[in-house]
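Starting off with a structure, shown below.
Chain lettering (A, B, C and D) follows the sequence in which the chains are written, and residue indices restart at 1 in each chain.
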C-alpha cells in the first residue's frame, strides 16, 4: 500500500484512482461499460442510419439504394416544389400542412390538457373513472380507431347525418371531404389521441406544486383565475417544455393518422411530410427524394429540439 | 397541490356560487369524457350489430338486436390472408415479442439512467443528449438499412447454426422485432429513468458505497426497488408503443407463424374487396386493443403518480 | 450494396445447401389478397400445391392496394430473405429484375409453352432480358362500365356507344333522382377512370403514344385537354360525398341501386358475384363508351425470386400451378378477371367474363392491348403516381382548368422520368 | 503519530480548486468538527475521507495506513448523512444490516449486531418498520445505528442534525456527545452550526473557500481567533467587531472608539499585544465578545484590565438568563451581555465595563489578528 501511495505522490495529476489492480480499473470503468452497448447501438442504428440517409439523398437512388453520388438533384427538386403553391405541389402541401397541423395540434393539446388537468384537480369525485377515459386514446393504434373517426366525420354516416336525423337539417360538417379543411380533421383526431396524455403530465405537475404556495397566494387575495395565471402556470414551465417535446415528436411522426383517417385526403391535400417521405421512398421508387425529405425533416427537428436540449442539459453549477 | 376552493361569497336563491361552480366543472368534465369516449362507443356498438343494422341504421344508435356473433367470428374464425383461425392465434405472437422487448428496453433504460445520473463522467450529458435526440428519427427512414443489418444477423445466425448447431436466435423474426424495438425504445426509457434518477437522493448511493455495495448491488438493491413509479410509466409507454407498432412488424415479421396482432388486424380490416364486415372488424380491433386498454385502466392510477415522480421534469 | 446483398445471399444459399441437401417442400408467398373472395381464389392454388406435397407459408400484408406489401417486400429483399414468390405489379417486376434478385423460369416457361399462350403485352413485364421472372396470374381490364340493370330499366337507358351517349344517359339518371356515377375519390380510382376517358376521347393510337410512350406532344395536345374537360364533365355526375370513398363502397352503391354506373376495372365484378348478382339480369357490363375493341389492362403477377437451390423445385411447382389452365380458369372466375393465357376455355365464365376473354384475344391480336397508366402498366411508379397526383388534383379542384392540368401533367411526368 | 492525518490535500474539478491544500490531524478518540459557511469545501473534505470523491493531490492516513485509493467500504469507516440516506425499500433492521450483508456476514451474527445496536439506541420497537413510518428523530437514530453497527475506526457525520427541529437538535447533540464519550470512537463531523462545533468538538477546523482558516481546540478558536472571519463566524451572539484607532504614545496605548454625537471613548490598553504599537494612529478592528462587555457590577472580578465607559443604550433584549443591551460604537451596533437583573432602560446613558484582557485586534487590510 505504501508503494502505491508513493506512486500517487509521483503522479499527482493522475485523477482517477490509478488502481492497484486491473480489478479496480474495471470497477472504475464499469459504469461506462454498462452504458456502452446502448450508446453504441444508438450511434450505429440512429446516427449511422441518418448518415446513410443523407448519403442516399445525394445519389439517384430509385427503387433500391444506389451508391454513386450524383449531386443535390433531390434537394433542387424539393426546393423548387417548396414554391409551387398553385396548383400546390405535394411537397408544398405537406410542409404547409405540417405548419398548420403542428401548430394547432401542439397548441390545442397543451391548452386542452392543461384545462382538463386544472378541472380534474378541483377535488373531483370520480377522478379515478375520468382519468382513464381521457387517457385511453393513447393506448390505441390508429389502425383501430381510424375507422371509427372516419365514420364519425363522414357527412353521410356520422355526425352530420345523425344531427339531420335528429332534426337539425341545416347542420353542415364535411371537412373530411374538403381539400381546404381536411387537415383540420386530422388535427381533431390527433388532439383526441394525445391530449389525455398531456393532461396526465399536467396533472402530475399540478400535484407536485407545493400547497403552501397556493395558500400564500390565496391569502394575498388572488382570485382563482389569477392564481392559475400568475402562480400555477409559471410553475408548470418545465412540464410545458416536456409536453412540447412529446407533442413535437408525435406531430413529426404522424403518418398513420393521415392514412387511416383520410387516405391522403382529396387530391393528396392531407399529406404531412412523413407521408411524402413514405410515398416517395416506397411507393414512387424515388428513394433519393424520399431521403432528402427525411433529411429536411430531421434538420427541422434539430432546429427545434437542440436549443431545448442545450438549455435543459447545460451543466449547471452544483 | 390542494384544490382551490372558491369560498361561497353570496347565496343566490339557495344555490351558492360554489355549487354553480361545481356544476360547471362537472358538466365540462362530462362533456369532454363524451368526446373521448365517442370512437370507443362507435366501435363497441358496431361490434354488437348485425350487418343489416349497420348498413341501414345510424352509427351512433344502440344495437337493436345485440349479437355476439361478430366477436365470436373475430376471435376464432376471421381470416388473415389464407389462414382463418381468428385473432386468438396472434395474441401469443405479440406477447412473445412485446414482453421481452419491454423488459429489456426498460432494464437498459434503468441502467443507463443510473449511470448517467449517479456515475457521471465527462461527456455524460452529451451521451444522453445524443440518445434523447434518437427518439425523433422517423421510423420509415430506418426501415431498409435495418432490414439489411437484420439480414446480416440472419446469415451470421445460419453460419453459427452450421458451426455450433445453435443460431442464438439470430435470424429469428421475433428476436429481430425485439431487437428493433429495444433499439428505438432506448431513447425514451433512458429519458424517463434519467429524469427520475436525477431527483433520486445521491446520499443513498454514497451510503450504500460506504456499506460496501458494488455497482450492480446498488442498482439491484437500492435503485430498482425504489423505482416502481417510473417503471410503471416506462412499461406502459413501451408496452403500448410496441404492441401497436405496424411498420416494423409488417416489414420484418409478416408470415403467419410469427405475425403480431397488429399485422393480423390490418389484414382483417384493410381488405380491398368484398363486403366489409364492419361488425367483425370492430370486434377484431377491440380484441387487438384489449391488452393495451387493460394496461391503461389498471395501471392508469400509477401512471399519473409515476409521471409525478419525475418523468415530466425537464 | 446490391452486389453485397447478392454475394450474401449466394453465401447463405450455399450454406443452406450444405446444411440440408434435400429440397424444401414449402413455398413462401407474399401477397395482399386478404379479403374473402380473393383469398378463396388463392386458396385454390394453395390446395393444388398441397396435392403435390408443397406446404404454403402465407405472408399476407394488406393495405393501400399493395403498398404495405411492397414495403415489406423491399425490406425482405434488403435483408436477403427472398420469398419464393410475391404478388407484384408491372414495372415493379422489372425493377426487381434489374436489381438481379429475380429467379429464372425460362426452362419451365419453354416446357409449358408460356411464350406462346401469354399475350406479348404481358410478357413485356414477365420476361426480363430474355428470362422469365414472373408468372402472370390474370389480366384485368380497366375500361368497363358496371351498371345496375334495374335502375337502367327504370330510366329507360340503353348501352351508350359514344361519350355523348354516356353523358345523356347520366343526365337521365340525374333527372330520375339517382346518383348517376358512383366514384371513390381516391387518386387511383380517379386516374383509372381517366385512363378510359383518354382512350375514348383520343382513340387507341393517342392512348398508346400519350400513356405508354409518354410522348410529350400528345400529353400537351388539345386532345388531352379535351380528355380533361370530359373528365370534368363526368365528375359533375358524382355525389358530393365521394372523396376518400373506397372503390368497393362505390360498387356497393351500384349493386344496391343507389347509383346507376361505376367506371371500374373488372375486379368490380367480384363484388357483384359476392352479392350473388348475375350479369345480364342484375347488372350490365359494357365497355367504356368509345373504347370497344381496345383493352386497357393490368395484371397481377407472381414475381419469382432467386431463392436458394433447395427451394427452386417448389418455386417451379408454384409457377407451373399458377399458369395451369385449370387454376387460371378457377381463379379468374372468382376474381372477375380473365386468364393470363389466351388458350384457356371460357366455359366456366359468365357473360362478362366471356366478353372479356374475347376482347383480350382480339386486342392482343389487333395490337390494341394497352397497359393502364393508373395501374402501373403504362409507365414506372414514379410517373404513374405523378400522373395520379395531377388527375386527382384536377378532380378535387387544386388544378382548376384543363389547360393548367395539361401543363402540370407534362411537368410532373417530365419531373418523374 | 495522530490517528487521522490529512496532508496537503487538494481537490480540483477541472480548473476549479475546491480544496486548496488541507492539513489536519486528529488523535485517536478525538472529535473533529469541520465548520464553515456553505460552499467552503467541508463536505467535500468529508467525502474525500470517506472515499466518495477522489483527491487530486495529497494523502489521507488512518491509523498510519494510507487510504487514498481504497474503496469506501474498505476504509473501515461509517457515515451518517444529512438526509440520513435510509434505504426506503428496506426495514430499519434491513438498513442497519445492509453493510454486513454486503460483507457476507452470516444472518445470525447480523441479528445479534442489530439487537445490540437497537438496545444502545433504544430503537428495538422500530426494527420492522420502513423509514417512511419513522419520525425525524427516529430516522436520525436509525442512521446512527447503521453507522454504529459497523464498529468502525472512524465515524463520519455530514450535518446530521440540520434536518431536525431546535429541541430535537439539542437532544441529539447530547446523544452524540454521550455516544462519543462511551464508545471512544474517533469522529469527523461536518456542520455549519458553530454551536454544534463548540459543544461537540475536541478539535475544530474552521474552513472558508477550500482552506482551513484555523485549526485548534474550541477554546483556542473562541478566545484566540486568527482572523476576522473566524472571530465573526464562531460564537453566538457574534463577537462585536468595531472600527477603531490606536491612540496613546510609547507603551501606553489606548483604543479610541467613535460614538455618535459625542466625543470618542478612549480605553487604555494595559497589556496590549506587541504588534499593536506599529498601528499607533492607524485604524484597526477592535473585537470584543458580548460577555466581555458588561455592566460594571457583572464584570469579571479577576480580569486584569477592565475599563469603563459611558454608552448610550439603544435597545434592551431580555433573554431570560441574560439581558443584552445594544449600543452604538464606531458606527456599528454593539451588543453587551448584562446580568439578567441589570436595571437599565433603553435611551439612557450607562457605564459599561470593557474586559480588555479578552479584547482582540485585527488589521483591517489583511484581516489577520494583530499579535
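The working rule: a residue touches a chain if its C-beta (ideal position, glycine included) is under 8 Å from a C-beta of that chain, and two chains touch if they have at least 3 such contacts.
This one's a predicted model, so the numbers in the text were calculated from it and none came from an experiment.
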{"item": "Between subunit A and subunit C, the fewest steps along chains that touch one another", "value": "1"}
{"item": "Neighbouring chains shared between subunit A and subunit D, ordered by label", "value": "B"}
{"item": "Maximum centroid distance from subunit C, chain identifier (CA atoms)", "value": "D"}
{"item": "B-C compared against B-D, more contacting pairs", "value": "B-C"}
{"item": "Euclidean distance of C-alpha centroids - subunit B vs subunit C, Å", "value": "38"}
{"item": "Rounded Å distance between subunit B and subunit D, as computed from the means of their C-alpha atoms", "value": "56"}
{"item": "Averaged-CA centre spacing for the pair subunit B and subunit A, given as whole angstrom", "value": "16"}
{"item": "Whole-Å gap separating subunit C and subunit D, where each centre is the average of the chain's CA atoms", "value": "91"}
{"item": "Shared interface positions of subunit A, touching two or more other chains", "value": "27, 65, 282"}
{"item": "In subunit B, residues with contacts to at least two other chains", "value": "144-145, 214, 266, 269-270"}
{"item": "Subunit D residues counted as touching two or more neighbouring chains", "value": "71"}
{"item": "Touch list for subunit B against partner subunit C, complex", "value": "79-83, 143-145, 147-148, 150-152, 154-155, 158-159, 161-162, 250-252, 254-257, 263, 266-276"}
{"item": "Residues of subunit D defined as touching subunit B within the complex", "value": "47, 50-52, 71-74, 77-79, 81-83, 85, 87-89, 98-99, 102-103, 146, 158"}
{"item": "Interface residues, subunit C side, partner subunit A - complex", "value": "1-2, 64, 67, 70-71, 74, 77, 92, 95-96, 99, 185-187, 240-244, 380-382, 385-386, 389, 392-400, 404, 408, 415-416"}
{"item": "Subunit C to subunit B touching residues, read off their complex", "value": "1, 5, 8, 11-12, 15-16, 18-19, 28, 30-39, 42-43, 46, 56-65, 68, 71-72, 74-76, 78-81, 246-249, 252, 267, 270-271, 274-275"}
{"item": "Partner subunit C, residues of subunit A touching it in the complex", "value": "62-67, 77, 87-88, 90, 150, 154-156, 174, 176-179, 259, 262-269, 279, 282-286"}
